[in-house]
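Remarks on the structure that follows.
Chain naming follows the written order as A, B, C and D, and within any one chain the residues start at number 1.
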Amino acid sequence: MPGELFGRLVAAAGGGWSAYTRHEFVLRLARGDLPEAAFRRYLVQDYLFLLHFARAWGLAIYKSDTLSEMRRAQSLVAATLDVEIGLHIEYCRLWGLSEAAMGAEPEALETVAYTRFVLDRGLAGDRLDLEVALAPCIVGYAEIARERMTDPATKRDGNPYREWLEMYAGAEYQSLAGEAAAALDEQFARRGGEGRFPALAASFAAATRLEADFWQMGLAAAGSRGP
Amino acid sequence: MPGELFGRLVAAAGGGWSAYTRHEFVLRLARGDLPEAAFRRYLVQDYLFLLHFARAWGLAIYKSDTLSEMRRAQSLVAATLDVEIGLHIEYCRLWGLSEAAMGAEPEALETVAYTRFVLDRGLAGDRLDLEVALAPCIVGYAEIARERMTDPATKRDGNPYREWLEMYAGAEYQSLAGEAAAALDEQFARRGGEGRFPALAASFAAATRLEADFWQMGLAAAGSRGP
Amino acid sequence: MPGELFGRLVAAAGGGWSAYTRHEFVLRLARGDLPEAAFRRYLVQDYLFLLHFARAWGLAIYKSDTLSEMRRAQSLVAATLDVEIGLHIEYCRLWGLSEAAMGAEPEALETVAYTRFVLDRGLAGDRLDLEVALAPCIVGYAEIARERMTDPATKRDGNPYREWLEMYAGAEYQSLAGEAAAALDEQFARRGGEGRFPALAASFAAATRLEADFWQMGLAAAGSRGP
Amino acid sequence: MPGELFGRLVAAAGGGWSAYTRHEFVLRLARGDLPEAAFRRYLVQDYLFLLHFARAWGLAIYKSDTLSEMRRAQSLVAATLDVEIGLHIEYCRLWGLSEAAMGAEPEALETVAYTRFVLDRGLAGDRLDLEVALAPCIVGYAEIARERMTDPATKRDGNPYREWLEMYAGAEYQSLAGEAAAALDEQFARRGGEGRFPALAASFAAATRLEADFWQMGLAAAGSRGP
């Protein structure tokens, strides 16, 4: 079954997983009542995040054993630098945020923590360590959007965040996330083994907490956390 | 003048430098009215910090060009693993914190952010980048303790944190910090140049902010930040 | 003047530079009397080399400070994985070498030495260190082909290696090499300084020697080195 | 059984293992008729090798997951920088080689190839990858010396290389090598798994070939390979 390792990592993360995937930021975004200030803060920091995300996939090219591993990492660098950052800039413009303004913004503590944690796992460990630390983001976003799209509480008409949800729930992103989950299985077979599971699970759980902190950083910008 | 680069980096960091070195956590520690919960939180996270600090100096061994550069990095690994972590464990025991308890504690967001930021600077850049990112810690602690020891508001008798201040104000630590500042000059002459200053200053300022966040994380554990 | 740093590095490499760029392998290739066994050996090892060359540019993505630095590194990964390796496979097929056969060949000592030397410079140092170690290859090949194309001793009609020379002497490759030389200047201004020149020159000279060894490895496969 | 992984790696390396451990350089060293020029060449390059060996263990400190892993790597840095390099310098002086002269010698192709191969394995992979690439050296030298000491063809009295053999056959070095082999098992249990064996075996075999090339480089300095 594709995504088997991912499923085990999620199970091992326990309540930390839903604390991230069903974080108040996400639930309110889906209901359409997330304060705009929270979403703007998230957008800017996510732009800064993407720069390090591209660096992580560049690192994965270096850490590849085969031509096909290199090519997969290359396609994710391209997806980030050629597509996602462009879409992001486009999308942010609709929210009144220019590329220059985003680039000039200092990185939030939460952005530094998650991005550098991932890069350190990737450098201290091997490519499987790197991809496991990235999985709460890549595969997690697909689950988050998919789950919200089936939630009756989710508002579509007039939801200012609908486009965001639809992008991550869309076939293209879901397929990319599916490939990322399959790659974890392939690498766990080739570079892993049961003995390695506890350390991978600890790293995945830590990355998941850091992703939840990232949502919280967005919410905190709205001043108050209540509805 | 030894410490010339360090002085320029501090000047470029502007108000961020005193926001770190004269942070409320530090001032209250010196006055002796820092809540114990704040100090305990700091101690535990500083233990976790030291593990990554030793990793950073191990990385510096790898990044050395000469035998003497290797030996200086080696001496800092030894100072951390053989002396400082031991003293820390000893000292924490007096505060009722066992090594096992500290090792089991999850890393705070602030600990992750600063340690991994430093490691990433060191891996993405060269050894000068690494040492500049470490300087707010190594050289900064020496300045913090020295400054507080000359402050009339600092309480000595009956100050539960006196030992901490005296350790960092002591001749041994001051000398180690002086060597770290001198090493920055030597490396800036050999690997730097004016063109490099803006990027080094930005990295130093970011590391300084992350150090201030580290104090804040301690304070936050005390529940309230006021006296 | 674009290529200023490159010119200084070449000058500092002294006779080592022409020992590489006017190596017997190159001169005979241009005259068309290089033994086929030498060229075949070179082709196979150059294929293995390209895999690590792509890894080096992946590493450069990780080591980038700006979006535009990332994009330049990304374009070189793409040039290698999408174009050059493909052309190489195509071209090698004409010489009776299949991709599978080349992938199964063990790396020669000379291939290991040069590729890993470059990667280590890039990891121990910063992106300028990495690009300086790559320059004898990227910029050097352009100079080699250009110089041979203006040499009356070079044979065009009936030279089995003409296509190789024309590829590297062609406008597209010359422009790529020119950009690489310009990038060295830009990075030396931003990350360098005179103090850094001696170490960069030593690294460039070492990489140049390793490139000459690479030609020699090709020649040695022909059994005898005389005409 | 301690050394189980090491034994499997040796078995998988096939004839390559004895091509290294029973290389002509080693056999003649044990018989005492190795040309002095070969041994001097080896000594100088081994000094240069040790600098990168120390860097590799510095890298292992960075790549450690636990305090005890860090401490083992630290002890190997210390063994190299505080003891082995010193002994080496001392020993080389007896052979008329000063430290300055050795430091000024250019690295041989074979030295570059093996040292940078190891560092790249360590950076692209995890700490197990690093230690597997180092094992032909650390554990191999112990086997080489032990085996030669039980060989009737080995000459003791009047053998100018006796001290070298006795150092590596001695209890202290044998114990260090035993710990290195045990560490491989421990890491294979914790970070490995059967799926990982083929890649580790390929890396071990490549490192073993590079070690044999290192002996050959020594022999080649003697001009002729016959007695």
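Just so it is clear, a residue touches a chain if its C-beta (ideal position, glycine included) is under 8 Å from a C-beta of that chain, and two chains touch if they have at least 3 such contacts.
Values in this document were obtained by computation on a predicted structure and should not be read as measured data.
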Required minimum of steps from chain B to chain C, each step between chains that touch: 1
Longest centre-to-centre distance from chain D, chain (CA-based): A
Chain pair showing more contacts of the two, C-D and A-C: A-C
Copies chain A and chain B touch via same or different residues, half shared test: same
Where chain A and chain D are represented by their mean Cα positions, the distance between them in whole Å: 43
Centroid distance [mean C-alpha coordinates] between chain D and chain C, Å: 31
Computed distance of Cα centres, chain C from chain A, in Å: 38
For chain D, residues that touch 2 or more chains besides their own: 55, 62, 119, 123-124
Topology of the chain contact graph, where touching chains are joined (line, ring, star, complete, other): complete
Contacting residues of chain A [partner chain D, same complex]: 62-63, 65, 123-126, 129, 188-196, 199
Complex interface listing, chain B residues touching chain D: 51, 54-62, 64, 67, 70-71, 73-74, 77-78, 81, 85, 119
Of chain D, residues touching chain C in the complex: 55, 106-107, 109-110, 112-113, 116-117, 119-120, 123-124, 206, 209-210, 213
